[in-house]
Amino acid sequence: MVKKIIGVMGPGKNATKVDLKNAYEIGKYSASQGFITLTGGRNDGVMDEALRGAKENGGTTIGILPSDDKTTFSKYIDIPIITNMKSARNYINVLSSDIVVVCGIDAGTSSEISLALKAEKKVILVGLEKEANIFYSKLAPSLIFVVKEYKQAIVIIKKELK
Amino acid sequence: MVKKIIGVMGPGKNATKVDLKNAYEIGKYSASQGFITLTGGRNDGVMDEALRGAKENGGTTIGILPSDDKTTFSKYIDIPIITNMKSARNYINVLSSDIVVVCGIDAGTSSEISLALKAEKKVILVGLEKEANIFYSKLAPSLIFVVKEYKQAIVIIKKELK
Amino acid sequence: MVKKIIGVMGPGKNATKVDLKNAYEIGKYSASQGFITLTGGRNDGVMDEALRGAKENGGTTIGILPSDDKTTFSKYIDIPIITNMKSARNYINVLSSDIVVVCGIDAGTSSEISLALKAEKKVILVGLEKEANIFYSKLAPSLIFVVKEYKQAIVIIKKELK
Amino acid sequence: MVKKIIGVMGPGKNATKVDLKNAYEIGKYSASQGFITLTGGRNDGVMDEALRGAKENGGTTIGILPSDDKTTFSKYIDIPIITNMKSARNYINVLSSDIVVVCGIDAGTSSEISLALKAEKKVILVGLEKEANIFYSKLAPSLIFVVKEYKQAIVIIKKELK
């Protein structure tokens, strides 16, 4: 009965166009399957685009917010969960996701990958540079999936959430 | 566009029959209005009954869980948010609620009332003993509403969330 | 080998002169016994005075800080523990204290009392108004001690930490 | 007046002998300088050895504990800070450290590196495999120091904490 939750993680202001495209498409796919799309909830970068992809395609969206400052909330959130815990909310992001999809990398995003692995969650790295792929694949080979772009991520999500 | 969230707080195993009835009815009312019902998410007492009241009447439900132990999850949760933060999750419960409805009291619940007041949230105390009503009314007169049972709580919710 | 930790909790800007005096004296006593004095760490009210009482009398002090903004830190902290979790740090304050001494009351302080009781910590209420004393004594009779001023609190600390 | 805090992070049960040696020596050095040594506090691996190195050499030690289960506490802790927040305590570990020294790697440790970088803390990687060194050096070139063993880490600590 509980709906599946896809967590989409990635950079805010430093996201590339490709990261944003991947995030939007994962949100769109998540919506098409009746999954819930969850991000860190700010109106910036991958967080915002994944939620937009879900909302514009009829999905349900959750933002796990680091602060109660409403000017930082994505306008594509249905359900804002407010933590006031800054980066400690990254732990809640990944614990609450059935699978974690990572579009791009920065320090905050890398903490989400690591916290997800610590909690034994599966993590799909989408379009990351080779240094990140090599590091995380060696750190947790049974949990990490490395793909080039969103289409391959969708194939993995399908298999893993069946 | 963001849906309103009603937080329902109260004891687990020490909830009285009256607390459970009030919790169920608040969940039911919340569902009838298209609000989301949020609790601490365990399969016990007021948390469980508020979610049951919402689910059995077509509502959407969120549980903010203190632990990732699935045997403790209410079966009436649509969206489980997992924190692994034990009582620190009480802060998230109240920050994420547009209004907090309290059905019964114990130590954990009293922390939720206090954290809600600290965050300047409105709190409705439903059917509490006079010691609690007097204490909290004096602590935060502009935020606390004292009522006997769920019908009066619903009147206040209507006015406050308009 | 582990040193005992006395947690001193109470209002910031709304502390009364009597609250501040009680806090200072508890910090001073804690130092005299070789205990560590722990507070919420801000340079305000009871937090600041308890730490000052300890530092001016040769004690060791810890502040569990809600934010990494150094302009808010008490200058009487030896060891700043930084959480960036706002009021969720109240849970850490009480979990880390061997006994909790409360000098005055406001919403934040009341959350600390409640979280302490939830964690089955002993709590001494010093000079609180009767509404608080009655409420908490009924909520957790085996954990709450009600006293008029710091001298009586010291008698209880001696007995409890023996 | 505030003492400097050296955070030592690394694996628990999967620490290598070299990791443990590096951790012990950093704790010993920290004690020799009058710094405080801080770890995640469990009686396991790098956490335990860094605290032992500090305690056996007259230092002061802090453990930021994920759980209140005393059977998991290192016996070399002077000041136990109890969070009950599992891996979310990793954020507090790094926020509270003036510099972070990493001896070995696993998923939890990698979350500490990333959370430290997010908070703009300097991080010294001691004896890590090249995949980790390359990844983190690229992620945050101005914050990451890569060294082979504890002696080089000590040179960097001296310079950075001057």
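A few remarks follow.
So that you can tell them apart, the chains are marked A, B, C and D in the order they are listed, and the count of residues begins at 1 in each.
To be clear about the criterion, contacts are C-beta pairs under 8 Å (C-beta built on N, C-alpha and C of every residue); 3 or more make two chains touch, one makes a residue touch a chain.
A quick note: this is a predicted structure, and the numbers were derived from the prediction, not measured.
Homomeric contact chain B/chain D: same residue numbering on both sides for over half of the interface positions.
Of all chains, the one whose CA centroid is most distant from that of chain C is A. Per-chain Cα centroids separate chain B from chain C by 29 Å. With centres taken as mean Cα positions, chain C sits 40 Å from chain A.
Listed for chain B are residues 83-88, 91-92, 119, each touching two or more other chains. Touching chain D in their complex are the following residues of chain C: 1-3, 5, 36, 62, 64, 68, 75, 77-85, 91-92, 95-96, 119. By the touch rule above, chain B contacts chain C in their complex via residues 85-88, 90-92, 105-108, 110-111, 113-115, 117-119, 129, 131-132, 134-135, 138-140. By the touch criterion stated above, chain D contacts chain B in their complex at residues 83-88.
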